[in-house]
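Heads up, the next two complexes both have chain A, just with different partners, chain B and then chain C.
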Partner chain A sequence: MSTPTRTPTGAPEHLTGPGSGGVGDDAQRPDGVLKVRGEFAYGSDLWMADMLWGVTLRSPHPYARIRSVDTSAALATPGVSAVLTSDDVPGEKVYGLELADQPVLALDVVRYQGEPVALVAADHPETARLAAGRIHVDYDVLEPVTDARTALGHPTWNQVHDSTAEVTELSRESAHLHPEGNLVRHLKVRTGDPAPTADVVVVGEYEVGMQDQAFLGPEAGLAVPAEDGGVELHVATQWLHVDQKQICAALALPPEQVRLTLAGVGGAFGGREDLSMHVHACLLALRTGRPVKMSYNREESFFGHVHRHPATMRYEHGATRDGELVYVKAAIYFDGGAYASSTPAVVGNGGTMGIGPYVVPNVHVDCYGAYTNNPPCGAMRGFGSVQTAFAYESQMDALAAELGMDPVELRCRNAMEEGSATPTGQVIDSPAPVAELLRRLEAMPLPAASGDGEVDLRDMPGGVSNTTHGEGVRRGVGYAVAYKNVAFSEGYDDHSTARVRLEVVGGEPTATVHTAAAEVGQGLVTVEQQIARTELGVERVVVHPKDTSVGSAGSTSASRQTYVTGGAVKAACEKVRAQVVARAERLVGRTVPDLRLAGGAVVSDSEDITVPLADLLGDDVLEETLEWRHRPTEAIDPETGQGFAHVQYAFSAHRAVVDVDTELGLVKVVEMACTQDVGKAINPQAVVGQIQGGTAQGLGLAVMEEILIKDGKVRNPSFTDYLIPTILDMPPMRIEVLEYADPHAPYGLRGVGEAPNISSGPAVLAAIRAATGLPLTRVPVRPEHITGT
Partner chain B sequence: MDFLQPVTWAEALEAKAAHPDAVPIAGGTDVMVGLNFGHLRPALLLDLTRIADLRDWQVADSAVRLGAGVSYARVISELGDRLPGLAMASRTIGSPQIRNRGTVAGNLATASPAGDAHPALLAAGAEVEVASVRGTRRIPIDDFYTGVKRNAMDGDELITAVSVVPPSGPQQYSKIGTRNAMVISVAAFGLALHPDRRAVGTGIGSAAPTPRRAPAAEEFLAGELDSSGLWESRAELPEATIARFGELVAAAAAPIDDVRGSARYRVHALSVMARRALTWAWADHRSATQEA
Partner chain C sequence: MRLTCTVNGTEQHVDDVWEGESLLYVLRERMGLPGSKNACEQGECGSCTVYLDGLPVCACLVAAGQAEGRQVGTVEGLADPEALHPVQQAFLDAGAVQCGFCTPGLLVATHDLIARHGRPSDAETREALAGNLCRCTGYEKILDAVRLAADRMAEPTAGGDR
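Then we have the complex of A and B:
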């Protein structure tokens, strides 16, 4: 194992660097003060004189044929400028991230509740809503298919391990939700003995409910028609260029005529990777010749973006008596909902990493993504790995119990390390400190027992709702560890583009970093500044607005931007620096081997040379633009899943301590502890923020967050009933950040954002199991699951 | 939408008489949600927040008369000793922002089965004072809730105040929610012991079409306390009495399954809350003697 670049420390504040605002510092966010003061402009704050408001009419049915749409009454409403249906889409009428299967506006069939059917633009949002209500849609309502296994014709588990049984789909005509059938992707992982046996076998079935990204800033944007016949779209999104590509196809316009600028993004977590109002606003703007704003309210937002795939999973683990894993078999079903979105890639992750960060010689995984008439599911932080982690970590606990072994010990005995092979045959060629993460957690002190001294209701399950003063309360401790690929996988050409400019502005050397990488609240703009400061030795770094006038940065997802766009910014800075050094050498008239940029000057340590950039550059502007790629990955074998699928893995582990009121089924998470290897903390404070946020989101899924669906209809599209953790639900954390450099990555860094979201929930679930002694195979755990009522 | 902002109570009553469809607005924590979701589209909003009289509370005829404009935050900070059950209920409501704006009167007018003030008011035996240009009447809390989100007020009436007699014994309030703050109740229970009247008061929330009492549980417990001389002896309560009380409270509920919880869970939770609340209240009653 390579040596850590920095001794892992106990307290995050020890990670803090010297304070120059460069790599390794807790540099201040450029948008921080504005956000704290409530002055930051989000997408929903966009405004232009003369603009119209666009609203969307959505299907009330999860599955129906559209007989006719009558827009005449809506069009006749005073104040209305346009009413559009799919007939008004000039280009491709379907779009999608991986497969174009989702209508811009409903064609002849609606496949989920909330599917957009028609658009209205009017001079006031109320008028637009009123008019939308006057559009008459004649639906022939169909019976929805609302279960992934039913959709695939796999009503029982028995056949899933029979490798000869091919997917036999429902023959019923109406159950074919898409022309090609209901299967989006079936991924197979096959390694080792196809019929292994073991001393000890545990089998479990698990279920994960549908989680929402619950970003606070709803979908919003403003489309402005341009004089060249094109359109300018300001939108809160995650990936400007993939939006642009899909918008161009729908509008039948070339990329030069569809220009996007990132609006203020109030959180994303994957939910903005698909289009929402993008094409709709552009269509209305081009039709009316006026700027059109669209901004969803909270309820519409629940229908306006994809969610995390619910999953049903069956796992079988076999081990030797002394706790060595012999085999894992798994069948994993992801409910993709009505349209594909990123289901194929989610299946890719769920399948290839579906047994967790363990070394297992014999693996047999089938991972399916299905179409149903439930809301479409796609990207969400953790992306296919969150669901499987609940299953494989529950299995490790069940196996430990069966073996009479300590659960941490069992995990460490089977933990991956550098040099281990994954089930897909990939040898891990950078640090993989799985056992160390767990051992460090174990060594942390445990919080004091509850009920010592005076009762403080805030420490009790139920909080100030005063449901217990200690009665029925039992404590439990649980551990979980997880891993997740960083960046895009399976042979995808994953790259980013950076343009870096160096010039003297008002006497001060100033770098400008221009990328299209979406800042969604995670702090990438800070990272871009930090890298430019370190590489160019200047203090002042301007982050150019994010837009499509520079090449694609790829998506702000998959924990990839600090790695990939960070890598691109670093490389562009290096090219600019080479130009500066060459100039300095021309000035001094010879080659000086150790020239570097620091403090706004070109300096040498070996010689007494200091050339201020202000003098060296004068009025000249140095600029470099480049595309940067990480090591290529490969497509995996369709029959065996073997291949170099993932460029990098992130590892994290959690220990959860919970108090459960076992009589009322209420849970208080007392403490969360997390250890994570981040390779190199570019901004330690931001790293800790990602760990806290990811932990909270994982905790939320474990105990409360679920979109409840009945017969294809969402029952809780509001923050009244879709609950996310409050400050009284999210406990204080102990965090240890490890920095084992990945030699293949810029600065040795590892993507940070997703891993803690994956290991957190399973640790909470394990702790609740430990407190209650119940098997608990479904998340979120509801009070009823604990009380049995 | 029109907006009226009377500064005197008489003006407010006149406005309400003239426009029975006008929607009064106090803290706005229910009304604004209705407006934002488009569930409420009133022709006229009647803002009551400029009426100074409504923002006061006084002690009158040995009862606390809580003006309709008093916020939950003030109930907690100013009336925790006089109205302990209502203050405990108020503490469970929403967030600091909601408690700064929201009022008991607003909770009453909304009359949601999940409203948190109701079980406390039922247990304490409150009276709602309503007024119109026709005059004032006092509605016993038992008669106030007439159906799901319906109450006994007429179209021209407004709530002036709520009167609650400060307790002669301990009170408790418990609420189940699926997170530890900012949550609508899945089930709630209010308890008041009235040693002066040798009576027991209860209130159940979120477990029937309206907030309601559990009369059989009240009578059973009052009877047990009487017949065993426990009011005076303040001896320990028999386990069987506590358990039976819990069963009778649960039996008074008529809950449904919904997104927040199952009917079975609600019944179960009520029995647990009732047992615990009684245990805590009785411990308070016993320690009160030791101090006396």
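Then we have the complex of A and C:
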């Protein structure tokens, strides 16, 4: 079988960065030149001369029984090579990340609008779409369940002063969308006094809308049938091996016959953790014996991946008169939509970290994930912590107001620090500079007031729409702080694999790093090179294409790859280095304690030894492959939530400054400031890039981003109607990066990507509240929430 | 239908183009030029920005037939094969490229912006690039890249081709 004409990989061979750049440097990305030249091959760019195009027919109904499917007219369409339904799935007909509950292609029931029902392969994408429209599906439409609490049979809250106690009983009367009922997970955290009292109590109910990852590169890939009866899949994804496992099950093929290579990934943010077109393209390729490309358009992308769980939350905070938190009670509902995806783990995060980075002696949290007929929800950057941060930070502001205290002062008084216990009984055993992050923000200068000097419309809410020249515009400043676990939790065997080779190529010592860790834009390929340069003292480091011919690297999620795959690369380099040093010692005939690798040679500072690697290695190739694990975590107690659940925490804080046109309800974010502790910045430029990007996504959720659902149907599946921040919406940012090493992590580093996505939105919300004096308990904030019309 | 146009200075002929195809589809799927991206295919993201007779347009909104006999410029044509245009270099140096899916469109839009404005103010840059979505960077480093490119190109010795 021929290979695709465009190098079908995100990390084409011989990727080498320009010049040196070890750990701590602003090394440039090895794929950067290809990306600016338009030559980097993303999943949607793959192409082979004889390929077919695959398309998906999806359910128009959120909940329906399928009476029959007639594919004959589609099959008869000229140019069509195959039409497949669930009958054509040879292996397991359901899949899933944590629970296998989602059909590869619809079985007898569809549970969300957009559920895949059938596939078509044709010689032109439009022909395939036309044919898909000719598939006749006879549906018996059912009444969808579209609210998480209704799905669980829990009473709705209509008055903020209702007790939270009454939501603990699960009713089994409501329609069951899945055989085991509609509850995906209920997590309980119980610590301290079960019936605490306090001088001052604030109660609030909060709601977070459904956010989309909105990565720009569509779900796409190319499946190529192989001569051994297997398939090669080039795909844009986040975790090759978990994909492989699920694809193998669906195709009833062993892993040796399902080989995956990472195609270029145009952003991910959690939205590529679940399978999308993976199995579908493989099914079509195996059926037709031809390469099959699938590439979603934007509308299909909105239906083709999971979203951030919408949440409804009720919080009660009790404190002493002088502002010490006594207790927090919370009930948190995540709407998981039609299939489980990663809802259990999202509930895990939402529940265990649901009161924020504060020390609270008495905690009572119930966190639920429910099945409904809304779109499936799963992973998105911040993963269960984004939603709760809006609630707990709003509560801290409400409490500060009730106490007549400064909101930053209240937060600092209750802030976690190293040695504090979390509500799950875990003692934080590395720096936790929560108060310092806030104090540093406070010390930063504020931007000039908007009315100063000549009015530039572009600085006004509404911009050049010319809706105000400053009349009715009020400024507000808000703060928020958040924390997030890094890597996989609750006892998961969270490891990565690295293969590192050292050899002399064309006279130059060259290291090759091979991992299956998905590069999705964050810059892991750069980090892999930097670590190898530092550990092996060579300049030239090749990043091997990411594929399943090496062991799993785990997922590119949970801010974990620099820590876990970085740790694996470092450990593999150390083993290679030990081999080199042993050789050098054999050469000099004795043990030299301070031999190290630098500048392409083995050197000693104490003795005058310099052995060039080119001489030492000759034609030999040194290679080491190893699996690396962070220290283990443990499952939490099902009744109390107690346990060492998380391996590391990342902390960030934001200050937002906004101008609000209170008459029209328009918001202009004037400035965002962020402080974050990253332990050690492996690549400072990339770290700042993560903070800036995460800040933008948090801001988006606060003021504009929401998938609107009516009766289980998505109303806005396009970039025309689902708005993400543009360059006009994003303000200048001030960023301070702190580096307090975590002694348990490689180089002391902390995962970076998610924390700033969590603290940014709540700071914007707080600033809008400060500007308007309104309680504002729902995000995204819409103009009518501000104007009250 | 048969389509003839000039792309990055080279005359291209393609046959069997279906009338419903966009210029973006023809560039990507029929001419082997996938540099222009397809993030939305509905004129909302700017990832497909190309020059059409010297003006930046969304290639996804241009019917293939509308390009007949015209000059098209894509990201692949910004620099010679072995070189980088100062705008491309500035995006790399400033760290403005993460996943890079927005990058080709932003490069063409920035190339056009600097050609028109020389050294645009931040406000002008924001206006000019408001049609180009980026989900990764929060735009700060894109602004840095525009400033860097404009500064370098304004220096007489830098000699970037404009």
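FYI, the second predicted complex is superposed on the first by the 751 of 789 C-alpha atoms of A that agree within 3 Å, B and C clash if a C-alpha of one lies under 4 Å from a C-alpha of the other, contacts with A are read in each partner's own complex, and residues count from 1 in each chain.
We take it that a residue touches a chain if its C-beta (ideal position, glycine included) is under 8 Å from a C-beta of that chain, and two chains touch if they have at least 3 such contacts.
For clarity, every value in this text was computed on a predicted model and none was experimentally measured.
Undergrad: Check the residue A:Asn297 against both partner chains and state whether it touches chain B (first), chain C (second), both, or neither.
TA: In the superposition, A:Asn297 contacts both chain B and chain C.
Undergrad: Figure out whether A:Gln522 sits in contact with chain B (first) or chain C (second), or with both, or with neither.
TA: In the superposition, A:Gln522 touches chain C alone.
Undergrad: With both complexes superposed on chain A, which partner does A:Val265 reach: first (chain B), second (chain C), both or neither?
TA: second
Undergrad: Touch test for A:Thr312: chain B only (first), chain C only (second), both, or neither?
TA: So A:Thr312 meets neither chain B nor chain C here.
Undergrad: Have a look at where A:Gly32 lands relative to chain B and chain C in the superposition and call it first, second, both or neither.
TA: In the superposition, A:Gly32 contacts chain C only.
Undergrad: Which chain, chain B or chain C, is in touch with more residues of chain A?
TA: C
Undergrad: Check the residue A:Ala696 against both partner chains and state whether it touches chain B (first), chain C (second), both, or neither.
TA: A:Ala696 sits against chain C, while chain B stays out of touch.
Undergrad: By the touch definition at the top of the document, which applies to A:Thr146: first (chain B), second (chain C), both, or neither?
TA: It touches nothing on chain B or chain C.
Undergrad: According to the stated criteria, A:Thr720 is in contact with first (chain B), second (chain C), both, or neither; which is it?
TA: both
Undergrad: Would you sort A:Leu728 into first (chain B), second (chain C), both or neither based on which partner it touches?
TA: both
Undergrad: Check chain A for residues that touch chain B in one structure and chain C in the other, and list them.
TA: Residues common to the chain A contacts of chain C and of chain B are 297, 464, 718, 720, 725-728, listed in rising order.
Undergrad: Mind pulling up the chain A residues that touch chain B in the complex?
TA: Against chain B, chain A makes touches at 129, 297, 299, 461-469, 471-472, 663-666, 668, 703-704, 708, 715-716, 718, 720-721, 723, 725-729, 782-784, 787, 789.
Undergrad: Under the stated contact criterion, what part of chain C meets chain A in this complex?
TA: 18, 20, 28-29, 32-42, 44-45, 47, 74-76, 78-79, 84, 88-89, 91-93, 95, 97-104, 107, 123, 125-127, 129-143
Undergrad: Show me the residue ranges of chain B that touch chain A in the complex, using the header's touch definition.
TA: So the residues of chain B in touch with chain A come to 36-38, 88, 91-92, 95, 172-186, 259-262, 264-265, 267-269, 272-273, 276, 279-280.
Undergrad: Which part of chain A faces chain C closely enough to touch in the complex?
TA: Those residues of chain A that touch chain C are 5-6, 26, 28-29, 31-33, 35-42, 44-45, 47, 124, 126, 213-218, 264-267, 269, 295, 297-298, 456, 458, 464, 520-523, 685-686, 688-689, 692-697, 718-720, 724-728, 730, 732-733.
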